[in-house]
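Just so it is clear, A, B, C, D, E and F label the chains in written order, and each chain counts residues from 1 on its own.
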Amino acid sequence: MEVNADDFFKAANLDKPRVTNKVGSNVTLINVMQIAGLNTLGISIARIDYAPLGQNPPHTHPRATEILTVLEGTLYVGFGTSNQPAPNRNKFLSKVLHKGDVFVFPVGLFHFQFNPNPHQPAVAIAALSSQNPGAITIANAVFGSDPPISDDVLAEAFQVEKNTIDYLQAQFWENNHN
Amino acid sequence: MEVNADDFFKAANLDKPRVTNKVGSNVTLINVMQIAGLNTLGISIARIDYAPLGQNPPHTHPRATEILTVLEGTLYVGFGTSNQPAPNRNKFLSKVLHKGDVFVFPVGLFHFQFNPNPHQPAVAIAALSSQNPGAITIANAVFGSDPPISDDVLAEAFQVEKNTIDYLQAQFWENNHN
Amino acid sequence: MEVNADDFFKAANLDKPRVTNKVGSNVTLINVMQIAGLNTLGISIARIDYAPLGQNPPHTHPRATEILTVLEGTLYVGFGTSNQPAPNRNKFLSKVLHKGDVFVFPVGLFHFQFNPNPHQPAVAIAALSSQNPGAITIANAVFGSDPPISDDVLAEAFQVEKNTIDYLQAQFWENNHN
Amino acid sequence: MEVNADDFFKAANLDKPRVTNKVGSNVTLINVMQIAGLNTLGISIARIDYAPLGQNPPHTHPRATEILTVLEGTLYVGFGTSNQPAPNRNKFLSKVLHKGDVFVFPVGLFHFQFNPNPHQPAVAIAALSSQNPGAITIANAVFGSDPPISDDVLAEAFQVEKNTIDYLQAQFWENNHN
Amino acid sequence: MEVNADDFFKAANLDKPRVTNKVGSNVTLINVMQIAGLNTLGISIARIDYAPLGQNPPHTHPRATEILTVLEGTLYVGFGTSNQPAPNRNKFLSKVLHKGDVFVFPVGLFHFQFNPNPHQPAVAIAALSSQNPGAITIANAVFGSDPPISDDVLAEAFQVEKNTIDYLQAQFWENNHN
Amino acid sequence: MEVNADDFFKAANLDKPRVTNKVGSNVTLINVMQIAGLNTLGISIARIDYAPLGQNPPHTHPRATEILTVLEGTLYVGFGTSNQPAPNRNKFLSKVLHKGDVFVFPVGLFHFQFNPNPHQPAVAIAALSSQNPGAITIANAVFGSDPPISDDVLAEAFQVEKNTIDYLQAQFWENNHN
């Protein structure tokens, strides 16, 4: 089969602002579904838009590390470590990033980015170490799954009353990937 | 350096019941910290104890797939898929497992096991595809981190009032790994 | 294609004793042939039954490290190292395992488990670092292959008379995997 | 050892234009030498500046695939395939990229980016599938090495007279990485 | 640290015939112990000498596939497959190789080469897909280990009387690697 | 599907001298296209013939490290390092190899072999750490691609006049792989 430059190309419009969702973000990921030539090559790229006070809420990539640089605005970012022995047990590592800064979110660790500016949007470019990294937004996956997870289980897991879980499960959980 | 059988051995007492924690479980993991000979070999093993109505609450392993078999009792288990396009977007896949059944939790996906029996404990053996798989209990890592995550960020991410987040962050978050 | 919990599940009856073979063992392996969802995930699990004085005879897994824990009884286990320089040249590392102990057999090294108890059976759970680890029982593969290996070659390799090889090749070589 | 957010951070100023070199480009790579937390994580990121009519000349990354998006200006990009059988033997695949477009350069294949605009600079963000991808600019490595490669060998390899090689080796070969 | 061509070089004399051992072979392996620059690079090379009617007896490489080409003479080669379901259960695949032929022994499978010519030596070059492939000669590792394996275990495993095992363990087991 | 010894075999005639090409070499590579059983196994092997004063010109393998041993004659070999910081920036490491010597060319680095003897041919066996390593001869890929690369780009990249590039592109670029 003859290869073609278009197998390695996508007119992705990553320069264009996107409409953000309810929590104030939008992730435009270019992975192997958009560029077939990425197959087996272990990388993908995304533009992330943040509304003022918007966030890309706590999520994980089950198959990729992420490296991010800020193009516009300011981001407050962080990730959580695992249930390991002290001194690194369930730590939360965070940083305020300015334009041009670079930050790394290690594979499988939950992380978020928040735009603390009430007036200005922010923009980042992120790259991921898989051609199909996956993304699991914790709130959406835990409280907005199809079918819902048992509220008995979640009430105990999150140490709240069942009606709090029911309230959470009744929200409209919208992903920030189109 | 001369190798020795003890480099590949641990008197782990995996046959012994463990005291379970506040949410009713206890994970005894034997990884490369316990058996130095596992270094680079990509596997580890655990015994998991479940109190009646106890659970190993929603968590992820950032670097491993898990395969589990039930030794005693019954388990209601499940995992969530990613924010991918339909028909697999944020699905929740679950199953009731009986003694001798086997179930797989793919790498990086959040999952839990719950013992639905109000009178009997349950026991499972699980193996993980890494000598250092890591474990991140979602509730503990998100609401019990050190330092705490900003309640502004979490209130928006989970679509609840800040005082609900503050309540969650005030709980005593205990891990189920000793 | 829509995924389903059954793609990650097997009613494997790993809690049930198995009839052991002629050398006194039976390996019930749950790999990617039984659970399609294991594809590419790098792990599998097995129950191993041992008759009194039975053994899982010397064998190798060409594509996996094994980690094993004893559920019932006692096992005398060991593995051999390679033709490397001293002090580790062709060493035999062994250990007596009791209930709850854990032992590791590194990828590709030949190993066995033997139940030294003349009256009681033993049971172990083992996990392997491949969804398709393979198993090659040395005696069966060397003396019971189809077609047989030249007895000239084997007589020289094992430094015995050809009639000893012919005797070995005339045995009924039964695998301990069903 | 306690981890810290700074282990995963670099104030890299990737938003700032860089002075370009003699062939009109400048690559600012953030890899494991700048961010220690990238160790083993398989990714890095770079900003590339292009002067009007400047280029990031033909080069390879021995250990990484590259994915690139254009932030400013226009780029004419291309890569060469290997000495394989037709129809893909030594093909040159090229594309003109505009702002927001994405292109992939597969691991180990030589590639370049050229800014065809005589008046405007261009800028790209590129990510690489290794924490230490390496970069080998063909002209510099072949004609500017230390010590020089035998001109007898190069004259035959490039099918030119030795004085052409000597002329090439006498140039000042400046890398576009600082 | 400055690298040097000698880090990637070994004056290995692979062109010189070697004295063969008791079973008629000699393997001269150049791996990461001889060439430090091979570290992490996943390859090694060997010359193998075969006396008339000599063999490189049944052995495995726990961490490598082998590809072999015959430089001098004729070789009868073969490997055994695993205890998998029919039609490939414990098959023995063999071939007579002449000068210039190429054969592959997949990772972890036991294999041998035998020189069927009673008058002429044979020579092969083999490459292995690891910088430290390991080699385990079955007879030596099983019957010549230090300390010896229990003759009770081996008698049952090989379905022979204990005195046959004792006879085997009393042989002088010489490796064919110097 | 039943496997067969022929799936792992090729009557490759690697003992036979080959007619060399215009720059005096010929590479006979046995990879997964010739031996289907090599699939996923990560290795291949080649014979390389060198005419007197012939060369296997500067080239890279995008997916493999190469290890080479000299069977006949003498070879002057070398490879170039990357645009990294001193002391290893764009170094050229070279060595004269005699019969029986072994040399390693790390993955993705450009390298060549030259036969400095004006009267005698040379022969090498090389192995590569991929079942499909790829080979990109720099001169052919840069100056002989289909379609040609823009001479504007190449003139600037190689710091020569466009007519020198046009002259190079007008040569007949013949690969040394049949």
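Quick notes on this structure:
The working rule: a contact is a pair of C-beta atoms (placed from the backbone, for glycine too) under 8 Å apart; a residue touches a chain by one contact, two chains touch by 3 or more.
Treat the numbers as computed from the prediction; the structure is a model and nothing was measured.
Against reference pair E-F, the listed pairs C-E, D-F or A-D yield one interface repeat, A-D (criterion: more than half of contact pairs the same by residue number). A straight line joining the Cα centres of chain B and chain C is 29 Å long.
Remark: chain B and chain E have CA centroids separated by 43 Å (rounded to whole angstrom).
Between the Cα centres of chain C and chain D there is a gap of 50 Å. Rounded to a whole number, the gap between the C-alpha centres of chain A and chain B is 22 angstrom. Across the assembly, chain A contributes 78, 81, 91, 94, 106-107 as residues in contact with two or more other chains.
Around the ring, the chains sit in the order E, F, D, A, B, C, counting from chain E and moving first to chain F. Within the complex formed with chain C, the chain B residues making contact are 2-6, 8-16, 30, 34-35, 37-38, 41-45, 47, 64-67, 69-71, 78-79, 81, 87-88, 91, 93-95, 97-107, 125, 127-129.
Chain C makes touch with chain E in their complex at residues 23-24, 53, 55, 57-63, 76, 78, 80-84, 89-92, 94, 106-110, 112, 114, 134-150, 152-154, 156-160, 164, 167-168, 171, 173, 175, 177.
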